[in-house]
Structures are given as structure tokens and as C-alpha cells.
Amino acid sequence: MNVILVAVIALGVLGLILAAVLFLIAKKFAVEEDPRIAQVAEVLPQANCGGCGFPGCGGFAEACVKAAREGSLEGKLCPVGGQPVMEKVAEILGMTAEADEQRVAVVRCNGTCANRPRTVQYDGVRTCRIAHNTAGGETGCFFGSLGCGDCVTACPFDAIHMNPETGLPEVDETKCTACGACTKACPRNIIELRPMGKKGRRMVVRCVNKEKGPVAKKACAAACIGCGKCVKTCEFEAITLENNLAYIDPTKCRLCRKCEEACPQGSILAMNFPPRKPKAEAPVAPKADAAAPAVEPVQVVIPTVETAPKEASESPSL
Amino acid sequence: MSNKLKVSLSPHVHSGDSIRRNMDWVIIALLPAMLWSFYVFGLGAVIVTLTSVASCMLFEWAINKYILKNPKTTLSDGSAIVTGLLLAFNLPSNLPLYIIIMGALFAIGVGKMSFGGLGNNIFNPALLGRVFLLISFPVKMTTWPVPHQHTAYADATTGATPLADLQGANLGDLFFGNIGGSLGEVSALLLLVGFVILLIAKVISWHIPVSILCSAFVFSVVFYIIQGKMPFADICLLSLKHLLAGGMMLGAVFMATDYVTSPMTHKGMLIYGACIGFLVVCIRLFGSYPEGMSFAILIMNGFTPLINNACKPKRFAKEVKK
Amino acid sequence: MKTFRIGGVHPEENKLSAGKKIEVMDLPKQAIFPLSQHIGAPAVPCVAKGALVKVGTKIADAGGFVSAPIHSSVSGKVAKIDTVIDASGYRKPAIIIDVEGDEWEPNIDRSTNIVHDTPLEPKEIVARVQEAGIVGMGGACFPAHVKLSPRTPVDVVIINAVECEPYLTADHSLMMEKPEEILIGVNLIMKAVGVKKAYIAIENNKPDAIALMQEKAKGFVGIEVCPLRVKYPQGGEKQLIDAVVSRQVPNPPALPADVGAIVQNVGTAFAIYEAVMKNKPLFERVVTVTGKSVAEPKNLLTRMGTPMSLLIEKAGGMPEDTGKVIGGGPMMGKALLNTDVPVCKGSSGILLMTEKESLRGEAQPCIRCSKCVTVCPMGLEPYLLQKLAEHADWERAEAEQIMTCIECGSCQFTCPAHRPLLDWIRMGKGTVGGIIRARAAKS
């Protein structure tokens, strides 16, 4: 009897002491957590896919609360739940959900193997980040795609792939969620998130080369040479020219496609438009005459301008 | 010029060292002990060695091709051969073929490839294979054939390990390898020759083997003194025999120095070696197994990442005197 | 024999052009002067298109204190100011001059007699060095006048003549032919910073240069030749100070002057002599053209702005199987995009590698052999830094002192798995540096 009593008392006292210790430690090291994190996590799909770029739904909820404290939910998107879920999240956090226009990643480089001859061979780690540091990359263009596919590795949705024929990345617009991982991964800022546009139609300058015209043209047959013809053609002031490079403002562009015809280099691409009627041949001829001194590259380029929309309409990828 | 210029970042030259070269030197360093084992244990040793190496290579090739779907074979780096040789060195020469093959499968499949292949494993694959066999087949793994039965294999007469009766063992026999035991561990002398070869070829540094042997010697002397049953001279002699008997020499020179599973800095290597020495003596003197080298090394393999975190190299300008 | 204490490797020396006399390179038809030939702000052009210049005319002013002016190395007319690809591999602004004749500025002393003494005060010497556009000629191109104006008092000058890069012999040949001029230059440096002691550090694979300099140094007070054991990267500033006077320069922002030492390249010492005593700005230098396949490896006294293709032509032409052209040595030099790149103030050599030599070995998994840790002269763990950079763990990379890496390449040179360690570490260093600067700007 005595033995049992001693054991019970000893264990009981030990239990009490340990409980007290645990209690004190829990108090002392308690982590203050915003209760809203749990609330936000509840409305998330709990798929823990990591598609948002955060470690699971918990991580995303934490990031949302943190972002809300800083004042904006911009750039936070749950690709699984989409807009409805983000509206719920915004409600919990007392913010207005950004009526996020659907956007899509666009590769602004048309330096295909044919347009942009390789001048040297890069013999290092096949990573754009390092190739970018080495020198100009493999071609004469210091701005265009390096072709090592950092964007492909970065994409969590398998929405971007290298085309082995052109050596350029191509976006699968059906899969792209505009999470922005590729734009961050690209050391040359070639990929831009642009509004999807009506029926996916949009006009893009497919070049980011800021060199002067002759230098850019020497490096790449499809480079924007900063001639400004598109700027003059545009009736809506949607095109600006800066550092020898044209840029089409998607909010102002009305998709008239006049700039596409005006561009002597074929740098402007009309994406996802239906194929042109054969009449399109007409504006080509006089342009070739106008650019008489550089007939050859122009003739090389024009077919790509004409075929690009067709290809685009056949498959939604760029 | 016909070719495009190559562009890469500096440095543009290389020392010419390669994984293959290091593995080749390890194999060369293992050769003296291997040939001696062929001489001492005869046919059995040849069969065990060939089976072990061949099955290790086969498993590495097959796992790479059919499970990892790696288009390139990794056999050419020579690491599978080294694993196979080291595994064989750890086995008695009368072991049945199927046991050897199981050991090789465990060593390569579980010990190495399941972690992602060469460079990623936490534990020494050959030792894992041996320990797996030791636990699975304790009797077969601890009855060693008596030396000099040149044509015997499975039918060889067996005897106990000298570790069971270390006091009675002859120091000279231990040193030259005139004793029973696993294939490669019998001749301390030839293993030391291998050590010298590795040092000259700059494959390993001296730190790990020397620290293991020193610490094992020191701790066994200390423990025997605490036991207090023998005069000091006998204690020293017995401790010396500990260094020469069993897998001590093989483990110190070839097993513990495995690149992948040992620490990166010299300081870390010394700590790692000292701990192995301590653990071996503890297991040998107080444990239920007569031999503890494999366990000691595997335990310390597990601590290697911690040692790497704790022991940083001496940074430039750390202790500047103004 | 002395050497630095931590790490180091010994690549094959391949000093093919050792013992060759310095030859004078022919004038180019067109000379190209990039505006950033030095560390610091780019120079600002002070001539316009069409301007006539002579040899030694200043064509660009320094763009700040840490910067250097640029002088024309040829006489002729400024053709244009345009962008060209320079040795860094990037397109940068440059002044391009069409060469006509060879007319020098009249105040340059073109005689070969050696001037020993100068009445100039230390400050005036530094001013002359600054005006002459002299930068560190070992390759880093740090403006020399900045180093000659240390923040803290110094007690020793170390002249870097180790030339630890394989293949290069420009400094070696300069020492063999102009020992007195170099020693006078060293004296000028000592006078400028008020130091009584100077060491000329030479690796002992150049016994002839050691003997000659020792012989000539007898006539100078306080200058001592310090032979060093051959080990790369001994020419690194920190390693050299450690080797010669056993002092270790702490991590940035500390400078060598903080341990009381100043390091100048031997070529810089010669340029300082010419600038101060002969009034000749820095517009020519010795360039080694070398490589195993090169017909006649040479040391060429070349005017700045000469396209490298001309130098290669002079050394027997570009071999058929050239795979890589390197500006500088094989350990730290840069692979050039083309051979039209002009010779700049920091161009110590042109190395042609054959197709076979130039390809890197295939990278294999890290086997944790710890050879990179053993050879790292800064006591870092390259294998770890590489992994941290690859996985973008910048915080940990900073804690593991990635910023102290001197990019010597010893780790990658020695790696048996042929891993591109330095590629990643360099990238990581760039990123971590950016993070640190952003943090500093914030606070």
C-alpha cells in the first residue's frame, strides 16, 4: 500500500511540476499570430499546390495578411480559387478586391535562330542568370532571350516551354495564370504580364533591344530599330518610343493593327487575330520599295509577319 | 575561322583532376590488401570479391537505367567498383553468393541510389551493406575461415576472430595479416601501404586516419587503466593490438575517409576521427559485438552534417594582429 | 621561402613567352578608347568628332575622384564617339580615332636617358599620376592616385611583380628590360606616400628577374626584393600582403592601407616613372600574346586602343583550331566575344586556347571531397556557397561570407567533379551585393 502511495504521490508531483514548466514556457515563448491568418486560410482551397508561389495555403494566407498590413493585395492571386476566392480574402482583410483584369505572360523577343545568328558559343552553366553575367550571351543582341529556359524552370504551371526550333520560350496561354514567376526569373525582363485583351487579342512589340537602329538590326533581323513609324501611324497615341524602343500601351491600344503594317522590321506582333485576308499583300509591296537600301532583310522578315497571326490562331500559344 | 568562339566565365583552365582519377587511386591503394587476401584466403576471396564488384556495378547500372531513368550511365566514375571492393573487404571469404548479392543490392540500392546517387548519400554505402548483412546473418558474418586454405570456398574451416581473444594474438601476425577475418582487413601493413599511396596521390589528407588511430589507442589505454587489471606495459601492447585487429585499419584508412560521408574541414575531420576512435573502443570493450568499427563510422556519418555546420574553415583575416 | 598562408593552387605555368624581348607593336589604322577602362566613374570625353589629336593628348576627363582621364595613343582625327564591345563583353561608349602619322605632344620626353631625381613634392607626384591617367595595371584597373592618397598612415609599399597567372610574361619582360626605371618609379611611390620601406615581390619561377632586380636595387635605399614561392593567387592584393609582411587585410570596407600597406603593380611603377619623370601619360603598355598553338608568343609594347586582332596577327596569326580568346590570364581573364576588342589599360595579355583546351569538363555531382575548401585562399567553403547561390538562399550565403570571395577561381580549377563553382558564386556575390546595397540605402 505504502509503495503505491509513494509512487502515486511522486508521479503526481512530477506531473504537476512539468505541467507548470510547460505552462510557463508556452506563455513565455507564445507566438503572436494574427487571427486573420486562420480565417484567410479557411477560405483558401487548401490544395497546398504552391501555385501562388508561397509554401502552401498557410504560407499564402500569411503573405496576404502581411500584404494587407502594408496596404495592398496586389500581385497576390490564388490560381486555383481565382477571383472569387480573392474577393473573400479581401473581405476578411477589409480591403477591396482588385478587379484584377486577366493577364498573361508575353515573351517580348523574336530573336529566333534564323533572325538572330549565334556569334559565339556559351560554354557555362545553362542558366540565364549566369549566361547574362558572362557577356552578351550567344548572339550580338545584349537584350534578347538567352534561351537557357530559366522561365521554364520557374513556371509552376507548366505553361511556358522552349521551342527547340526558334530557341525561344513560348507561353501556353490556356495554362498561364499570370503569377509572374517567369518575369522575375528572366534576368533581362523580356517577359511582361499584359492584359489578356478581348478574345485574347493584343498587339505586342516583340523586342526589348535599346540599341540604336543599325546596331540592333545587325544583331537581329527582327529587332525594333526605333524608327518611330508605328508611333506616327498610331491614331490613339498608344505607342511610345523610348531608348530606340517602341512600346504599346495595352490600355490605349484599340487593336487596329495599323502599326503592324507600318513596322519595317516585323517587330510588332498581332496575337490571336484571325488570319488576314489575302488583301494584306497590298501594303507590303510599297513598303519594300520605301526601304530599298535594305531590301533583303525586309523581305526575310515580311513572311514572318504574315504567318505569325496564322500560327497564333491555329494554336493559342505564342 | 570555322568555329564560333567559346565564351565562359573564368577560370578557363582546370587541374585535370576528376572523380574517376580519385576512384582509380582508391582502387590502386586497395590492390595490395586485395592481392594479399587472395593469397591468404585463396579461391574464396576471389569469388567474393568478383561477385561483390560485379553485383554492385550491375545494380548501379540497372537502378540508373530502369528506376531513375537517367539516360547516362554513372558506372564510368568508378564509384560502384570502389563500393563493391570495400564491401568485399568487409565480408568473410566463405560467404554464400546470394548473401553477397543481397549486401550489394542494399549497399547500392538503399545506401547510395535511394539518396540520389553519388555525392548525396548520408552513410557509407559499403558499410551499410555490411551492417545489413551482419544483422541479418549474424552467424555467417562472424565465422571467418582460418587462413591458408587456398582452394576452399564454402567448405572452409572456420575459426573465431582474433578480437575475441586479443591477448593471445601474436602482434606480428596481426600486423602482417596472418589471421582470420574479413577479406581486406587482415593485413594492417598492406592497408597502411594503401594509406601512403592515397596520401601521395593527394586523394585524402592524413587527418581522419591519424585521428581515429590516435584516439582509439588513447581511449583503450584509458579504459584499461580504469579497469585496472593489468600492468601498464600490457595495457599499451593490448591497445596496440586493438589498432591492428579487426576492421580498425581498413575503416580508418578507406571507410571513414569516404569523401561523401566525412566532414569538409580539417578541424571537422579531426573531431570526426576522434569520435570514431572513442566509439570503436566503447563498442569493443563494453558492447555485445566484438567489432564496432562499422557502427562507429556509420554513427559519425550521421553527425557529419552537424560537424560541417559547426566547424568552419579558418577564414582569411580572422585573427588579425594590428 | 615566403608565401601566403591559406589555400592556393599551382596551375601549370606555361610561360611560353618568357625571356622574349619586348617588341614594339605597329600602329593601328584606327584606335578605339573605351571610356570605362578603370574601376569607378567612366571618363567624360573632352574632344568632339573631327578634332585633331596628337599622341598623349587628353581625350577624356576623369568622371570623378575614383576615375581616370584617358589620353590618345595615336595622332589623327576623332572619327566618332560610339559604342563598341570592349573586353568586358558589353557594349560601352568609346572614342574612335582615325590614325594619321605619329606626332607626339611636344612636352613628352622621348629620349631614352634615365632621369633619377625630381624636385616634386609628394602631392605634386600624386597630381601628376592622376593627370597621367594611371590605373593599376595588373588587371583590376583601380586608379593609382586613389591608392597613393591613403586614409591612414602606411609604413610599407609592396610592388606586385609575382605575375601568378599562368602564361603571362608582360611584367617579367618589363623587369628584364627596364629595371632602373621601375626602381625609380618605386622610389616615387615611396616618396608620394612617405614610406621608407618597399618590397618588390617576385615569384621564384623568375630567377633571372630576381637576380637582376636584386643587383639594381643595391643602388636604392629601402627597396628590397622579396622572392616568393610559386602559388596562385599570390598576385591577389590580400594574399600578397599576407605573403610579404604577414598581415591579413580584414574584410571590406577595410583596405590594405588599414594594415599599413600599399600594393602597386610593377607595370604601374614603370608608368608612374614615365609620367613623373618623362611627362608621358599612360597610353602604351606591354601585352603578352600567347597560347600553346600560337606560332610566336610575344611580348608587345602596344599603344592603347589597338584592336587585339592586330596583335594576334603580329604573333603569327590566329591558329585554325582556336576555340577561345581570353583577355588576361587563364585563371581570371575574360573570354572575348571577338578579336576587335581594343587593348586597354588593364590588358596584360591575350591568350589563345585551342578548341580542345577551351571546352569545360562535364559537371558531375559534388562528392564533397573538400578540395575546394582546402584551396580557397579566403578560407571559404566554395561547395556550400555554390549550393546556396543555386538555391537562392541569400541570407545564408551572406552569413557564410560570400562577399569576401576574391573570384580567383582556385576552387573551380581544382574541383574533380568539374563543377562550375565560381559561376554560381559570382552570380550569388552579385545578388547578395545588391541586397546589401539596398539595405544600406534603406537605413
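Letters A, B and C name the chains as they come in the text, with residue numbers starting at 1 for each one.
FYI, a residue touches a chain if its C-beta (ideal position, glycine included) is under 8 Å from a C-beta of that chain, and two chains touch if they have at least 3 such contacts.
A quick note: this is a predicted structure, and the numbers were derived from the prediction, not measured.
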item: Farthest chain (mean CA position) relative to chain A; value: B
item: Best-connected chain pair, where connection means C-beta pairs in contact; value: B-C
item: Inter-centroid spacing, chain B versus chain A (mean Cα positions, whole Å); value: 52
item: Centroid distance [mean C-alpha coordinates] between chain C and chain A, Å; value: 41
item: Intercentroid distance (Cα basis), chain C paired with chain B, Å; value: 48
item: Touching two or more other chains - residues of chain A; value: 119-120, 123-124, 130, 133-135
item: Set of chain B residues in contact with two or more other chains; value: 3, 5-9
item: Touching two or more other chains - residue numbers and ranges from chain C; value: 89, 334-335, 337-338, 358-360, 420, 423, 426
item: Chain B partner contacts - residues on chain A that touch it in the complex; value: 118-124, 130, 133-135, 138
item: Residues of chain B touching chain C in the complex; value: 1-3, 5-15, 17-19, 21-22, 77, 116-120, 205, 259-260, 262-266, 312-318, 320-322
item: Of chain C, residues touching chain B in the complex; value: 6, 9, 11-12, 89, 166, 238, 242, 247-251, 259, 318, 320-326, 330-338, 351, 353, 355, 357-361, 364-371, 373-374, 376-381, 383-384, 401, 404, 407, 409-410, 412-418, 420, 422-423, 426
item: Chain B residues within the chain A interface of the complex; value: 3-9
item: Chain A-touching residues of chain C, taken from the complex the two chains share; value: 83, 85, 88-91, 334-335, 337-338, 358-360, 363, 420, 423-424, 426-427, 430
